[in-house]
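Shared between the two complexes below is chain A, which pairs with chain B and chain C, respectively.
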Partner chain A sequence: MSASAISAPLATSGTREARAARGPKGRTIGMALYMLFLFVPVYWLVNASFKTNADILSGLSLWPQHPTLENYSKIFADPDWHSAFTNSILMVVINTVISVSVALPAAYAFSRYRFVGDKPLFFWLLSNLMAPPAVYALPFFNLYSATGLFDSIWAVALAHCLFNVPLAVWILEGFISGVPREIDETAEIDGYSFPRFFVKIFLPLIANGIGVAAFFCFMFSWVEQLLATTLTTVNAKPIAGMMSRAYSAAGLDWGLLAAAGTLTMIPGAIVIWFVRNHIAKGFALGRV
Partner chain B sequence: MLDRIGLKRGDEVHIADASLELHAGSMNVLLGPTLSGKTTLMRLMAGLDRPTSGRLVEDGRDVTGLGVKHRSVAMVYQQFVNYPTLSVYENIASPLRVQGLPKAEIESRVARAAKLMRLEPMLKRTPAQLSGGQQQRTALARALVKQAKLVLLDEPLANLDYKLREELREELPRIFAETGAILVYATTEPAEALLLRGSTATLREGRITQVGPSAALYREPGNLDAARVFSDPPLNELALTVSNGVAALADGSRLPGDGALGALPDGAATLGFRADAAAAAVAVGGDGRDPSHPAFPGTVAVTEISGSESFVHIATDAGLGTLVCLVEGVHAFEPGDRAEARLDLARAFAFGADGRRIAARPAAAPRREPVPA
Partner chain C sequence: MDSRVWDNRAWLFVVPVMAFVLFSSLIPMMTVVNYSFQDSMGQNSFFWNGPGWFQNLLDPTTAVGARFQGALLRNFAFSFTVLAIEIPLGIAVALCIPKSGWRVGAVLVAIALPLLIPYNVVGTIWQLFSRTDIGLLGVALGRSGVPFNVTQNAGSAWAVIVLMDVWHWTSMVALLCYAGLKAIPDAYYQAARIDGANRWSVFRNIELPKLRKVLVIAMLLRFMGSFMIYTEPFTVTGGGPGEDTSFLSIDLVKMALGQVDLGNAAAYSLVYNLITLTVCWMFFTYTTHADSKDVA
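Take a look at the complex of A and B:
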């Protein structure tokens, strides 16, 4: 009796210690599992891109049985794929530049000035993001066909502004509101003209915000497929359009698709690498 | 010069008919509690905001609608406002760079301002790497270097630590006086207004209540509002009812007709006195009292000890509210102790029902001069 009474608290303290010891380790395991789940699809894609089609279809294998670079060489040899990549990157870069440069003055105005309907307008901008892109595909198709913009890089770059300008305004407004108004006034007292103040004093202050906004514009535009494929046919075909060509009457070219998919991830990864510090700071300071 | 400047936003009156005359090389203090309109008035003077009525005249030139860019103004805010991405040197040089001055001139002016503000070792740093005091000195140096005609300092020392505040308060008027600028200094502290000398305008709820040389204004406030603003701790006030030339307090007790009290018209009035016109004493009863020093027995509520003097708050038995009394030295008045507030009627102010001071008492020099020479 007494032995068990003594051993009971011992046992509990023992488990407590065990739990404490397991704590950080459990966290590490949880984290590792999470990362594993995140990376399985990515790994599967990269894995498949180095396999032959027969290999891919033959069953489950964790690494290429007959490693090949054939899929990549097919892409690099085909000028259609080249132009698709160039088109996609151009669309996205043009769109990002337009979105951020249009959104900057708008966000400044929303943050600094009171005008009739400013708050409803600000919210209405955001509501643009709520409609699915498919809603806009038809009107854009019609409009661009009529104006001759159809099947050009600009068609997609401008269409994506519909989502990215509001997004950038929303993000930048948060950052701009974080800059005290007194700085604007001090610059005015010092005699700065508005453009000079904006470029020399203000832009460096919200550099993080611009980084965050540009990143989101880039990403949204890069992964958007529906408008990009609807509004182009031949000349401005983006990667998404090219990829849909890979499933032809002859069946699916799995390896080619996987290789194209892998290549598609690279620009995004590069952008993230460059803005990673801005993003970290940006998430802490502004609102997203 | 400000000529009946007013600012309304919607139905809200922010500044009402403010008139001030400011001279080159003068020190002008705007004294008022927070939200009294000091900052708003300064923004109007600077041209950051546009008045809805009145005129702003500079050297005979109407500058009412003129934007701040086209005026010769420098301003320092209570918050330390600098350009975070520029170095301290560039921060100070910024107004000169905009003016397009030659490089050598900029360098010499910045060097001089940095020396006066003791910022020389910090010129290469960014504002974020400085202490609060250094940041504010950077802002002050930027205002100094511009050599503007009008320098507006909006509670520039309020966020600084005590010692630095004392130092800068001594130096600022001297440094800026050399440039011949009109210096306008906003503060909430009566003591600061007195230490800065010059002239003071008291503000309350967007109105200038009185203007005059700081010390004289302290000694002879012209109205209840000015006296309230120019008193720290808050002015003691007793409501009076005067009938047939005899003043009575709310509890019915009568006051002797000394000084201003004898000249009050019938009706309601207010007796106001600063803490230094009232002494706290251990209650001794009715004997040996000076009739010109009415006593109000009560209980000590709080004692604030500042070292050389103590402020004793006495909650009066007669329900006349709490009176703040000044006692020299550190005294053992504990909360809950019995004590009485003895009022020196000769140093109290009487205000009529309209808030105007009734100055009938002979202008005897105050016993204790609160103004450092």
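Take a look at the complex of A and C:
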């Protein structure tokens, strides 16, 4: 891939972008159009969640004609939905904690040292980040059945480590490389032992990076559904598993599906709010 | 890069990661390799089948080979289509993000929202949105006379899936580009102003070259993401109409978990994985090469 190959597809649309970005007014209009594109489909789901099924199916209306909270109360009253939400959140939290804590020392090693096999190892890690979950669905099914972890939240939390551990290493390595290594050396001269230096001095320095890595682990684990539904049946059923139930019996329960979908957007929105100041650097994986 | 010290004790730091990757990648992969060279008579009795499954898979005249080839071509077409739309659009959106004030945070949070919606919910949103009876998009297109039907018309199904992916992932490209743009020192823009450069030449000569690094990351992530896509199109179309939106992952899951066709599915998995590995390797060598050039 050369630089010219990258810029080639951009050249044709470039003038349009330049025009859109000309003045502050052009920028505002461009952004408003994009927001409209993002939020109209979301609005349609939220809109449906406040309608009864009869209302949804009777025809098109831009807002609920008979607003109702019935769909939400159905979810809040059902212990199956409670456990589905709890399971989903627990899987993600366990996975995030494991991924970040395992990745921290490795990212430090990749950033600070050269050692036998460092490059192949880093590539191997990266390749796991890119591996299609569909390839792993069947072997994971076998592996977790054999180890007795099948249908537990641990199965999904561990399975998502496949891509989240490499992702966390990748992001943290970027952030750690941004910290000058003179700091490590000064701490050593000042008589800090390595563990004390790492916890007391180094971790606070890369706190943003840890936050960003945790955010990404949360994000990719929260949205992934193929492995989460393949590795669970009854006890550890995540939200996606419960949602597919709305598809089966007696037609489609659109109202319930829409309400559940709306609720799944809330944890994500909360998490983004916490990292809003670091989100841009985070998406560049600490590499700008 | 070059300031790193040579010390093999660093391996100790990598051991925990190795343990996890061995458990969640290497061991499962070995079972796939195992299946791919064996055939089963049922009751867990396996026998050596050599490269039979692979020959079958890579020969487009066989049923499995034709299936694989079809899914592969569809998937490449899909990946290139979404890349061609999302990368330029993402750059344009990044240029539209406000420069300062409270609106920056609000805009960043708002455009990041689609990235945190579970994939099956993304599918549900677009399934609902494109329904010809109760969906805003489907009804609007129907009334304006466009022949639109996701379940029967392959063109409609493709349009919705591409639109859904653009909706879902353009923000990621935009956020990456925004990070790249933020890293450009103001002095560059001032120099351009002094030279009397117009907006287009600022974009072409300052912004675009500085975006190269993040664009490579964006292209890799989007290529991989679209190449392994499963849940979203499966929720919207189920791979149909017919096989028209059946991408590699959808086809593979059907084969592995639906039909439990272990030998074929294992060979399928390995070839599929090998393609992603190749692309990943190209990216890896390109970036390490570019990094070493930056240092020099």
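Here, the second predicted complex is superposed on the first by the 255 of 288 C-alpha atoms of A that agree within 3 Å, B and C clash if a C-alpha of one lies under 4 Å from a C-alpha of the other, contacts with A are read in each partner's own complex, and residues count from 1 in each chain.
Following the convention adopted for this analysis, contacts are C-beta pairs under 8 Å (C-beta built on N, C-alpha and C of every residue); 3 or more make two chains touch, one makes a residue touch a chain.
Given the structure is predicted, the values throughout are model-derived calculations rather than measurements.
Steric overlap between chain B and chain C is absent once the structures are superposed on chain A; the two fit side by side.
Residue contacts after overlaying the shared chain place A:C217 against neither chain B nor chain C.
Between chain B and chain C, the partner in contact with more residues of chain A is C.
Of the two partner chains placed around the shared chain by superposition, chain B is the only one that A:I183 touches, whereas chain C remains out of contact. Looking at the shared chain after the overlay, A:A84 reaches neither chain B nor chain C. Of the two partner chains, neither chain B nor chain C is touched by A:L167. Shared-chain residue A:A134: touches chain C; no touch with chain B. After overlaying the two complexes on the shared chain, residue contacts for A:L205 are found with chain B alone; chain C is out of touch. Of the two partner chains placed by the overlay, only chain B lies in contact with A:G191; chain C stays clear of it. The least CA distance from chain B to chain C in the superposed model is 9 Å. Of all residues in chain A, only 180, 182-183, 185-193, 196, 201, 204-205 touch chain B in the complex they form.
If you check the complex, the residues on chain C that touch chain A are 3-11, 13-14, 16-18, 20-21, 23-25, 27-29, 31-32, 83-84, 87-88, 91-93, 95-98, 105, 107-121, 124-126, 128-129, 133-137, 139, 167, 170-172, 175-176, 178-180, 182-183, 199-200, 203-204, 208-209, 212-217, 219-220, 224, 227-228, 230-231, 248-250, 252-253, 256-257, 262, 265, 269, 272-273, 276-277, 279-284, 286, 288.
Contact residues on chain B toward chain A in their complex (touch as defined above): 46, 48, 67-69, 73-75, 77, 79, 81-86, 94-95, 98-99, 139, 142, 146.
Put simply, chain A touches chain C in their complex at residues 1, 3, 6-7, 9-10, 13-22, 26-28, 30-31, 34-35, 37-42, 44-45, 48, 56-57, 59-60, 98, 102-103, 105-106, 108-116, 118-119, 121, 123-128, 130-143, 158-159, 161-162, 165-166, 169, 181, 219, 222-226, 230, 239-240, 243-244, 254, 257-258, 260-261, 264-265, 267-269, 271-273, 276-277, 279-281, 283-285, 287-288.
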